[in-house]
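What follows is a set of notes on a single structure, which appears directly below.
Every chain is named by a letter (A, B, C and D) in the order it is written, and numbering of its residues begins at 1.
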Amino acid sequence: MLDQLKIEVCAANRSLVDHDLVTLTWGNVSGIDRQSGRVVIKPSGVDYHDLMPEHMVVVDLDGNRIEGELNPSSDTATHVWLYRNFSAIGGVTHTHSRYATMYSQCRREIPCLGTTHADHFHGPVPVTRPLTESEVAQAYEANTGKVITERFADLDPIAMPAVLVAGHAPFAWGPSAKKSVENAVALEAVAQMTLGCQQIMAGQQDNAVPRLEAYVLEKHYQRKHGPDAYYGQAKSSS
Amino acid sequence: MLDQLKIEVCAANRSLVDHDLVTLTWGNVSGIDRQSGRVVIKPSGVDYHDLMPEHMVVVDLDGNRIEGELNPSSDTATHVWLYRNFSAIGGVTHTHSRYATMYSQCRREIPCLGTTHADHFHGPVPVTRPLTESEVAQAYEANTGKVITERFADLDPIAMPAVLVAGHAPFAWGPSAKKSVENAVALEAVAQMTLGCQQIMAGQQDNAVPRLEAYVLEKHYQRKHGPDAYYGQAKSSS
Amino acid sequence: MLDQLKIEVCAANRSLVDHDLVTLTWGNVSGIDRQSGRVVIKPSGVDYHDLMPEHMVVVDLDGNRIEGELNPSSDTATHVWLYRNFSAIGGVTHTHSRYATMYSQCRREIPCLGTTHADHFHGPVPVTRPLTESEVAQAYEANTGKVITERFADLDPIAMPAVLVAGHAPFAWGPSAKKSVENAVALEAVAQMTLGCQQIMAGQQDNAVPRLEAYVLEKHYQRKHGPDAYYGQAKSSS
Amino acid sequence: MLDQLKIEVCAANRSLVDHDLVTLTWGNVSGIDRQSGRVVIKPSGVDYHDLMPEHMVVVDLDGNRIEGELNPSSDTATHVWLYRNFSAIGGVTHTHSRYATMYSQCRREIPCLGTTHADHFHGPVPVTRPLTESEVAQAYEANTGKVITERFADLDPIAMPAVLVAGHAPFAWGPSAKKSVENAVALEAVAQMTLGCQQIMAGQQDNAVPRLEAYVLEKHYQRKHGPDAYYGQAKSSS
């Protein structure tokens, strides 16, 4: 059952490697068939290169395994929590991508600094509160979903398709498994660029960096582009 | 029509992936045939791996689609503005490459710190002013072109083949589509190295880093290169 | 002899390249057959791409070569020291991976900042003391093992499968050669993310970074996702 | 003539791409045949992927082209200066690799912080003085060689096989073209790690980074490794 969805979810999981979002097996993508209420998800701890559509695990909205020989992702309870509470979403991606995870670990939201961010996220990407000790002790993965939806009390999950779980890592979602991966990709890019921006602005020491002497600038520009250029194989090349 | 230009522009768009300048579909390259006044540009939102020359869209200098089944890049109005105002250029590249975008988001020019920069850009790479609210509300993409050409009132676009649009990302250009990509590559490299230089100079705390003990330095150097070297398969290898 | 182990150790060494843990020949993996007390290890100074199982060197627990034509890794004495002292381990990986080596050079432990770390290391990853001048002069590689096991006097090597050697680089281990590589991969990831976290929190200058104007955020979000979206090939795509 | 050397120098130039040392055509490797006093060098401005041994250019120790249809690298005069003054070297590599170039631009030496450095460079990697305006105006590339050898008045080029040219980029050398590339690779690695170390030590704000709660650490470690582990496909996997 759900053969097409298994193909899509398998491809979405494999694409995590192409997008450089995962290390070892630290990431999982799921997709939902809203009509049947069935969720298709990556099996736990399996290498992406070995993943085939028939390895995908089917669970119900309570996270019970309905089909498949392998254990579903250990984060399954978080995925199904999100599907139950965000009725408009069709896919969920969880990774420990480097830069988004750094912001999760620092428990700081990612502010909107540019149009790359605005193209995907309608405002700052939010952070959850930390889980309490008892939330960790019992139903940890479901409670990870709970702190996410709690944080979204006043947020639209379609306009803000990602969150940073405090001390953990990001979750992203979208209308399909593939779109949830794209949002995870965008999140990683804006996280990296936000850190870079902080570093640039911290560099008020900037003036300490020596500028190139004007005569060297001139020499290098002219030896490649000037009337007597001698770089490359023909003077006309620029 | 313009078959050769379509091949070139398609190849230039695909090369964005090889040069690691793009994420998802965040970038587009165009080229112009000055004789006919026709611009060939990437279709909007299409994956680079799927791009074929026949997918390229032909527009006139007002941005009207003349040929092609797909919608042209949503940034087309910026490209044609640049072609209308910079008569010497033959290609335009727009990306959200990480480091150049960081400087765009910080709205800070990239100073000339070395010969890598001087080989491509005849001075600091400039930043535009931000667009006003009304410039964003109406003809946003054309106005993106306008703030660029406004910034170039006293600059030669041949000697300075790139700009950082404030809060957005870079545009680069050149005598051809291919050369515009090369300038985008050079821009990304100098942006990354400029940030690194700021970080090195900020490190006046540098002396806090422990130096390797002299006797360890000696040991490691000698075990690989000294008369009794025992690294590798033969003493003579160094 | 030990054909299966040679295949595993060879594959583990080659995987260092796939995991981006090595530069030139700066890394080596070994595995042990506890029954015979034989250790299989990479030959010194051989390129990973050329490694074949038959190149692997077999040594005893004193580091004497038992089989193989090539010299064993120059770090062999450290590997065998670890096998002698950590009876539960089956594989050892040594690399100079960038971020873990930075922390080794700074002689600072890697604190536990998130669940990625907690998934692999049961607390902060420790640093050894520096070797003394006489420890470097005589039996340098064995003494590198000695400062590691000294540091683990009160630590369980199974719960903490990695260490940073002061001024040098990391060693990781595990129940098998393959698992030791996975721990080296996890170590590199948490080292990179720890540095990033320090940088984010240092960025109290964060407020210096200009936020995107609200009207630009709105424009970019809506041109891709709003009712009149014009990005991509169909209004329904989001 | 010099067919074997052309093959070696061509392969060394192509390897710059594999080692991620070059962007566009910003790098060149040469090798010398000491018996004939002939130097084989990359042609200027040619893409590495297109390079064939027959494209290599042969010059004499004054930089005059002896054989080959293409122009030699525009840096040829620097290469031959080094061969004339460092009689023990057999190959020279010049790149604009990112991190080494950052230190060149900052005009700061790279201190020896660890054994990775000590394995290749017998002390801090030195920086040249800047060239004067008249040295740039006349015989610029030969004078680039001159400031290098001037800096090496009290240094052994075999024990210190690299230099940072102020405001420009690194040169590395070695007994052969291939070994000069390896030294350029090592230089880039130590430059990157030195910057990282400065950043770690600057992070005395380190304590500002929130540590993971002990109960989350415990949960994550145990769900993967404890007696009731439920990550992966079998409890015995760790």
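Basically, contacts are C-beta pairs under 8 Å (C-beta built on N, C-alpha and C of every residue); 3 or more make two chains touch, one makes a residue touch a chain.
Quick caveat: nothing in here was measured; it's all calculated off a predicted structure.
Distances between chain centres, each the mean of the C-alpha atoms, put B farthest from chain C.
If each chain is reduced to the centroid of its CA atoms, chain B and chain D end up 24 Å from each other. Mean C-alpha position of chain B lies 34 Å from that of chain C. Contact of a single residue of chain B with at least two other chains is seen at positions 105-106, 113-115, 119, 167-168, 197, 199-202, 209-210, 212, 216, 219, 231. Chain contact topology: the protein chains form a complete graph, every chain touching every other one. In the complex of the two chains, the chain B residues touching chain D come out as 113-116, 119, 182, 185-186, 189, 192-193, 196-197, 199-203, 205-206, 208-212, 216-221, 224-225, 231, 238.
The residues of chain B lying in touch with chain A in their complex are 23-24, 26, 96, 98-99, 101-106, 108, 111-115, 117-120, 122-123, 159, 167-169, 174-175, 179, 194-195, 197-202, 204. On chain D, the positions that touch chain A within their shared complex are 43-46, 70-71, 74, 105-107, 130-131, 133, 136-137, 140, 167-168, 209-210, 212-213, 215-216, 219, 223, 230-233, 237.
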